[in-house]
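Below is one structure. I have some questions about it.
We call the chains A, B, C, D, E and F, going by the order they appear; numbering starts again at 1 in every chain.
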Amino acid sequence: MYAVNVRDHFMIAHSFQGAVFGPAQRMHGATYVVDLELRRQALDADGIVVDIGLATQVLREELAALNFQNLDEMPEFKGRNTTTEFLSRAIFDRIAARIAAGALGVQALPSASAPGLQHMRVTLHESHVAWACYEGALPATA
Amino acid sequence: MYAVNVRDHFMIAHSFQGAVFGPAQRMHGATYVVDLELRRQALDADGIVVDIGLATQVLREELAALNFQNLDEMPEFKGRNTTTEFLSRAIFDRIAARIAAGALGVQALPSASAPGLQHMRVTLHESHVAWACYEGALPATA
Amino acid sequence: MYAVNVRDHFMIAHSFQGAVFGPAQRMHGATYVVDLELRRQALDADGIVVDIGLATQVLREELAALNFQNLDEMPEFKGRNTTTEFLSRAIFDRIAARIAAGALGVQALPSASAPGLQHMRVTLHESHVAWACYEGALPATA
Amino acid sequence: MYAVNVRDHFMIAHSFQGAVFGPAQRMHGATYVVDLELRRQALDADGIVVDIGLATQVLREELAALNFQNLDEMPEFKGRNTTTEFLSRAIFDRIAARIAAGALGVQALPSASAPGLQHMRVTLHESHVAWACYEGALPATA
Amino acid sequence: MYAVNVRDHFMIAHSFQGAVFGPAQRMHGATYVVDLELRRQALDADGIVVDIGLATQVLREELAALNFQNLDEMPEFKGRNTTTEFLSRAIFDRIAARIAAGALGVQALPSASAPGLQHMRVTLHESHVAWACYEGALPATA
Amino acid sequence: MYAVNVRDHFMIAHSFQGAVFGPAQRMHGATYVVDLELRRQALDADGIVVDIGLATQVLREELAALNFQNLDEMPEFKGRNTTTEFLSRAIFDRIAARIAAGALGVQALPSASAPGLQHMRVTLHESHVAWACYEGALPATA
């Protein structure tokens, strides 16, 4: 199995609800350094897992939609605790939808001759001592 | 699958027995930077894999029992080579027992409605060029 | 010249005022991984620059006062842009005051026989691609 | 499952063919920081996954054959795009052959009493924001 | 003294002349992860050392002129060994010229009321075990 | 000013004397990841600060004399607390003596036409959250 990983980051404000979060129930924030890992069984005709330029661009675009936001005010996160693990999944779902829509090229999609990208992992590093991730098969299913 | 990881460290002295270890047969020591990774299929009602505060505390407590020790003199390691991979397993077993005893909360345990924590990996970084880990399913079985 | 460095982190929300900040004028946040470096010309009688346990504790206490806060609502930051470089200085000043008050022990202070700690640097890493610092002589002067 | 990882690096020149590579079609180069991870189900009688000295030496030898080379001029890479993921596999295959030939000792090989090394991952970090890997079961099969 | 640092990277091919370089006399290459650090005595009216967006952009532009190049074929490097330390200086000089031309804004330049940026350091990391830098006062003088 | 840095590591056992050290008064140990930084005003005729191959070799040789040792039993450390900052100085002194003896080549030494290496810093990283260093002018003087 082959994998390729690209890295970027975003910075947000948010607060959590629930006694388990202690002082993190207050409005605070985080820098998330994000790793996007894509896997497939065999390389394509160019000798690559994915067009790394497109993967970098799609990651940047999806993080740009979150960057410099107060997540408490975004409708799609209403009533949810935007924990590191929750955000890993949210970004996974957004990028999976972009892949399904062709944003990483046709070779990222399953075809008669090749399975395309088969697995994705999104990791969010919130500090030098803590991170979380969500990973699953592609094409993603709800 | 979701994962959360927390990091801490400990510093010990030890020596190894066996020609394969060369100069490491002498009394020497190491700093181990430890990653504790916990995995589960679905988030709990608070939107988390585990209470990260409790996970950090349990990791610190288990490492405190080893920190600033000469492992050659600890009864539980008598006659064993406390290699990086061996210690990864020893810490895995200690933390697995703590989880089974409820130290990470009831939501870390299997219940009628959720499987709780399902997988754990303990990684020990011994330098900038070497590390080892032990990983396995939870609840752990001997 | 000798130096010792200890590391910790904190997570906050804030917003900036001024066109130069672009989208960072919105409420957002950051994780800051903080390095506290202390320098002196000669080691003390114990062979150390500073009691690393005390230095770690003072750093943690000062960061705890900022951790999980919305800096826009803290009176001491009223009307200021709490940029990474500004916060480096704010933390430098707080720790310098603690040192002057004896929090790192008498050997950290100038005496008839030794100059004590002579220089401090506070570095805040805001992501894997950006950091800022403030450094200056000790004892600090306004 | 236990794992041990050792790290080294090499520096090469190369160029790629195909519009997908954009400016990387020109002669350029890279530093690759390489992680070699080896896995097995149980430790051997010495308490190790593998002789880490031998693993370090075999990795260094295989990278030395590539280090300071123009990959475009090496016969074995003729007509191939030596992408990061392609090179991960090439190094995997070379080290798998060395293991099969006994370079990591007899305990790395399957025997009547133990399965030896069971899995290998070769990761090439090409920058602070991108890496690729190839991983697979041992003994490796074409 | 305040400092701000931004990071980017570039990938090149080159060869060296001189017995001291051993196998690096062959055509090979490197990834350079670049840190650009800028220093000044006092923050400007916005509370910053420099517009970090402009600093990031100027660094990217200057590295883009080198990225994916064979340095042996660039006229400005004719007959020179483009070692890591030499390149640190070359990039320092290019960015110093950009600053002098106003690329980081007027507040980066000396004025009647403030000295502007006073010091710059350019560090090139060539692997996980080696780096080089060039640093000097601003405005730079030949 | 130019600088070049190379990195290596060593692993030792030791204990400290003095109440300030708390549990570190017990026999324990550490991995030290070591950075050796060398500075000079101008590059030599080859375009380098120092022969990086020689610098790497001298660092490895000096660390080999300490690696896998119980420092409490080494005559040169009798009655001394081998703290991270103390060891930084001890390694500085050993390498300074090697440089003075010509181990880094004649161009590392002051001559009629060039000052040779002018400054050295030895940094010992003892964990992901603590390091110490010693730095001073070359040629070193007691």
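Just so it is clear, a residue touches a chain if its C-beta (ideal position, glycine included) is under 8 Å from a C-beta of that chain, and two chains touch if they have at least 3 such contacts.
Fair warning: this is a prediction, and the values are worked out from it, not measured in the lab.
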{"item": "Farthest chain (mean CA position) relative to subunit D", "value": "C"}
{"item": "Fraction-based call for subunit F against subunit C, same above half, different below", "value": "different"}
{"item": "Angular offset of subunit C relative to subunit E [C-alpha, multiple of 5 degrees]", "value": "120"}
{"item": "Higher-contact pair (C-beta pairs counted), A-B versus D-E", "value": "D-E"}
{"item": "Chain centre separation in whole Å, for subunit F relative to subunit B (CA means)", "value": "33"}
{"item": "Computed distance of Cα centres, subunit F from subunit A, in Å", "value": "42"}
{"item": "Residues within subunit F bordering two or more other chains", "value": "7, 128-129"}
{"item": "Subunit B contact footprint on subunit D (complex, rising order)", "value": "1-8, 43, 46-49, 51-53"}
{"item": "Interface residues, subunit E side, partner subunit D - complex", "value": "7, 9, 11-14, 23-24, 26-33, 67-70, 126-129"}
{"item": "Touching residues on subunit F, where the partner in the complex is subunit C", "value": "18, 20-22, 80-86, 88-89, 128-136"}
